[in-house]
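Pasting the structures in now, so scroll down.
Both of the next two complexes hold subunit A, though its partner changes from subunit B to subunit C.
Here is the complex of A and B:
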């Protein structure tokens, strides 16, 4: 890096001075730019430097996400040797490979298990319903902020971001207490002599808590996306006779498409693999697969079954992730990057 | 029609406010309540003795120390690993750049509990279960996306013309980075650091699986606390646990509300 000849030259006041910025190419750079071989060499050095600087987090992820996942999948197929042998040593009800590639015994066992099927349905239901509600709320808030503005809209946004400040453990606990048999909702109903609903320890409570926790990120993403739609476009649509609804659906939402997809995918992925929220707020059964995985792994001592469930959730999540990547690439192409 | 819309909006705002703030107020007020009988909306009296109970418990002090240590170390390690990468993603073109950006996302794309279960199997083999290193790895993994993407977006947002201006005036690459690029990206780096600190401070599921029972942090203590103590004690504990996150986030609320977090989540 220090090979640059101008390193260490005096630069007093250079940053504040706007004048040199107007010149398209600097005098110092012209000398190197005219020599094509040197240009190519420098490009290669920069490319290599970029690769080296970018690799540490990638190596970390390869070692502690990619590798364990490959290992776990091998274990779920009955490969109990090597690095899996420590886990396999204490595991119960294990399926050991019968063919060279392994066995599907663990998958057959888990996938035909009624409890798993029921909890998978609950997991998907909670994910779909919570994500839909979160997205709807976030869009209403974002659109209101964009179209109406004013202190009320700002206050609404601030309130909806509050959960970001609260740890998930506390959030789950707070939601549970609020909707518990002796919680606020039922106390309020009791004031006027009514029997209020008890949501605590139900799937409804899981959905309520998921929405509560996921709202801030979705609101921030949607608000940032909707805010970026230029005034001129909205005005043009209104001028040519489009109503508020028409303007929203044909101009604003399509233009904010990418941030909305990002909000939806991150919300859905966060919910589908969650543990804390269903653990605190949900019933013992049925529950979400995140809780089942933890139980099978530690309490029941059946890591293989736990990993099979993880694989099923991975597959579901990667389908969601594909939409995210697709949306991002679409946006990059549009902006010409 | 106009009034109807106004009424509907007011109703929506009121319900949302109750939905969001209600549970927090309901929980927090318990920390000062002597006794609370259903269906009263008000406790029988107010007291501070639950705070005594919590503060005098050595378990809380240990958990607090553990949480603070893990979170600080996580931010430092994560910054050392990720910030150079963030700069590289923003400023260099190299083969596999796109692939690497998407691969970073993989950590977030995998459902947390599934990842921790897979990681725990590896940790058993490497004897990293119930170790500081094991917990740190779990925590750092959770911060990689924040520490890479948010600063990368900020580095990209620094106008090239300013850097060129400094270079024209004779500044070397280090000098340009140090006095132009870094100061302009610093607010976003601060946002990333705070988000990472909070991610580590709040992390419960992975820490519980890998660290319990030897290394209990504040959020993992909460799992057993709610079962074994009266609800007033967990209310006090909740306030203690939320104050650092809330305080730190308030510091950077302008940047977060202004879209720097949202900006960081779009691959460029």
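Here is the complex of A and C:
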């Protein structure tokens, strides 16, 4: 059997080596003279114009987000002068720099604090458990919609997106009222003479509320990812002998990998830095770092320690974001780009 | 000759519309049968019923003597090559091809051996570690074929397998598929709307129209002896006139259609014996032949294929008619 005339010419996302050579030939054929220096100049002007168009939002971000972050990190390292002097003037228990670069006093104080360590553990636990539950529920709904279809699946998808339109503060309050010691669930149990569980003001309540609030976005992402898998690829798997479970794990989920990772990372980053849900539904202690940061900043008037906690949360969120970048990289590699 | 595949009275409705109506077809073991027809005639629906993706309202699908009508696709002894190849982009060529064997829990050594053998058969060994996005359309098509062949199916199903390839490559790949199919002796059903493809590849062609099979014949018989007006029109070029067309002219006759292939219309010098007088209306060169449209004195327009030097437009010529078919209510009458 002979090979194709087009063998080796990638179908998608590949660079055509002949393309640059073809351009001058066709230009010459039509009698148009092309000056390479002018072409390069035009390309430079085009890229400069693009940069100029993108610069206003970039400058805004740099001025109103980037610069305050730099100031805050400097303050956490004990740089209490300059633009940090006003905060430093009223803050309590702050560490002032001892070296030219600053001091790690605030970091040492926070990271060795047992309360912080416990709250960090709770924050990570809530993030991991909630994200896992959200992802599992979102995938079950998305797969049900993809494979079963019908009105029941569509209704389930619509219902699962409803929490998106309910403000987090109201949802948190509703969860609390439902699971509180004098809440709906215990009242219901009491009607039949049973002792119902109490989740209000517990870490469990935080997880339940986090799942409630994060589910809609995850469902939308996962459903769109799973829906995007072409029917033919699922049919091909079944034709090859794969049942429903094998088709799901070997074809559908790997192909919807990027949207699933995006859903997971966005959910995890949203939860790790959350304030409203743990503030309303969780216990006073232990609690999540979002609440701790607010307390240290306002109630305890210790902004330096609050910033240290923010840096820790930022580092954790960055690690999650690396997963997102890796998933995107893997995706473009797979597609042959 | 044993029967590799039997379709008995298949009937399918979708959205309240009949898509396939009481369709029966026997395919001999090792035979390649093409389902040929226009879009929406029910050929892909028939193929999907054979594969198990669609359940017929009535009728049976029998593969090598076993009724598989109620079996899901994964349990059927058939393998399909999809129109868009349906290769899994996250797997390499080898993994795509090995997937059915891994599902069948074959030993690792056997999988490696069978995959290597089939990749060699389709000339893809050099791309075994490439992902589908990195290989050409023709190579993707051959990967899909390899994935189907590695299962050693009792019936191979091809759903417009060449429609996404460019014209030149299509000819090459169809020869490759035919050669492999004949070498392995696999019972094959192929769906296509391209009559050239069907003519070049099939042992027999089943022409479908409106959910029914109009005629099942060898390619040559289908062309030279069509049993319905639809088949005569769909396969090849055709001159059609209302009434009874005879060598000496056209006689009006209600409900009768006469048809003649352009190659059965001979353009001869004017006033030749037994020829109708005509005028050349249009000449369209096609390289190795010219399409010459003539109008007879009886206002009958006919197209002829002329291989020699064609006459000029406006020339007075004679037209000699070969075999004329006659159809009444779409059916051939003698």
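As a convention for this text, the second predicted complex is superposed on the first by the 286 of 337 C-alpha atoms of A that agree within 3 Å, B and C clash if a C-alpha of one lies under 4 Å from a C-alpha of the other, contacts with A are read in each partner's own complex, and residues count from 1 in each chain.
Methods note: contacts are C-beta pairs under 8 Å (C-beta built on N, C-alpha and C of every residue); 3 or more make two chains touch, one makes a residue touch a chain.
Computed from a predicted model, the values in this text were never measured in an experiment.
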Which superposed partner A:71 touches (first subunit B, second subunit C, both, neither): first
Subunit B versus subunit C as contact partner of A:243, first or second or both or neither: second
Dominant toucher of subunit A (residue count), subunit B or subunit C: B
First, second, both or neither for A:255, with subunit B first and subunit C second: second
First (subunit B), second (subunit C), both or neither touched by A:235: second
Touched partner set for A:107, first subunit B, second subunit C, both or neither: neither
First (subunit B), second (subunit C), both or neither touched by A:199: neither
Subunit B and subunit C contact sites that coincide on subunit A, given as residue numbers: 1-2, 4, 6-11, 13-14
Subunit A residues touching subunit C - in the complex, by the definition given at the top: 1-14, 230, 232-233, 235-243, 246, 250-251, 254-255, 257, 334-336
Residue ranges of subunit B touching subunit A (in the complex, touch as defined): 9, 12-13, 16-17, 19-24, 26-27, 30, 38-41, 81-82, 84-85, 87-89, 91-97, 100, 102-115, 117-122, 124-126, 137, 140-141, 144, 147-148, 161-162, 164-175, 179-180, 201-202, 204-205, 209, 219, 222-223, 226, 231, 234, 238, 241-242, 245-246, 249-250, 256-257, 259, 261-263, 265-268
Complex contacts: residues of subunit C adjacent to subunit A: 51, 53, 72-75, 78-80, 82-84, 86-90, 99-100, 103-104, 121-123, 131, 133-140, 147, 151, 166, 168-169, 172-173, 176, 179-180
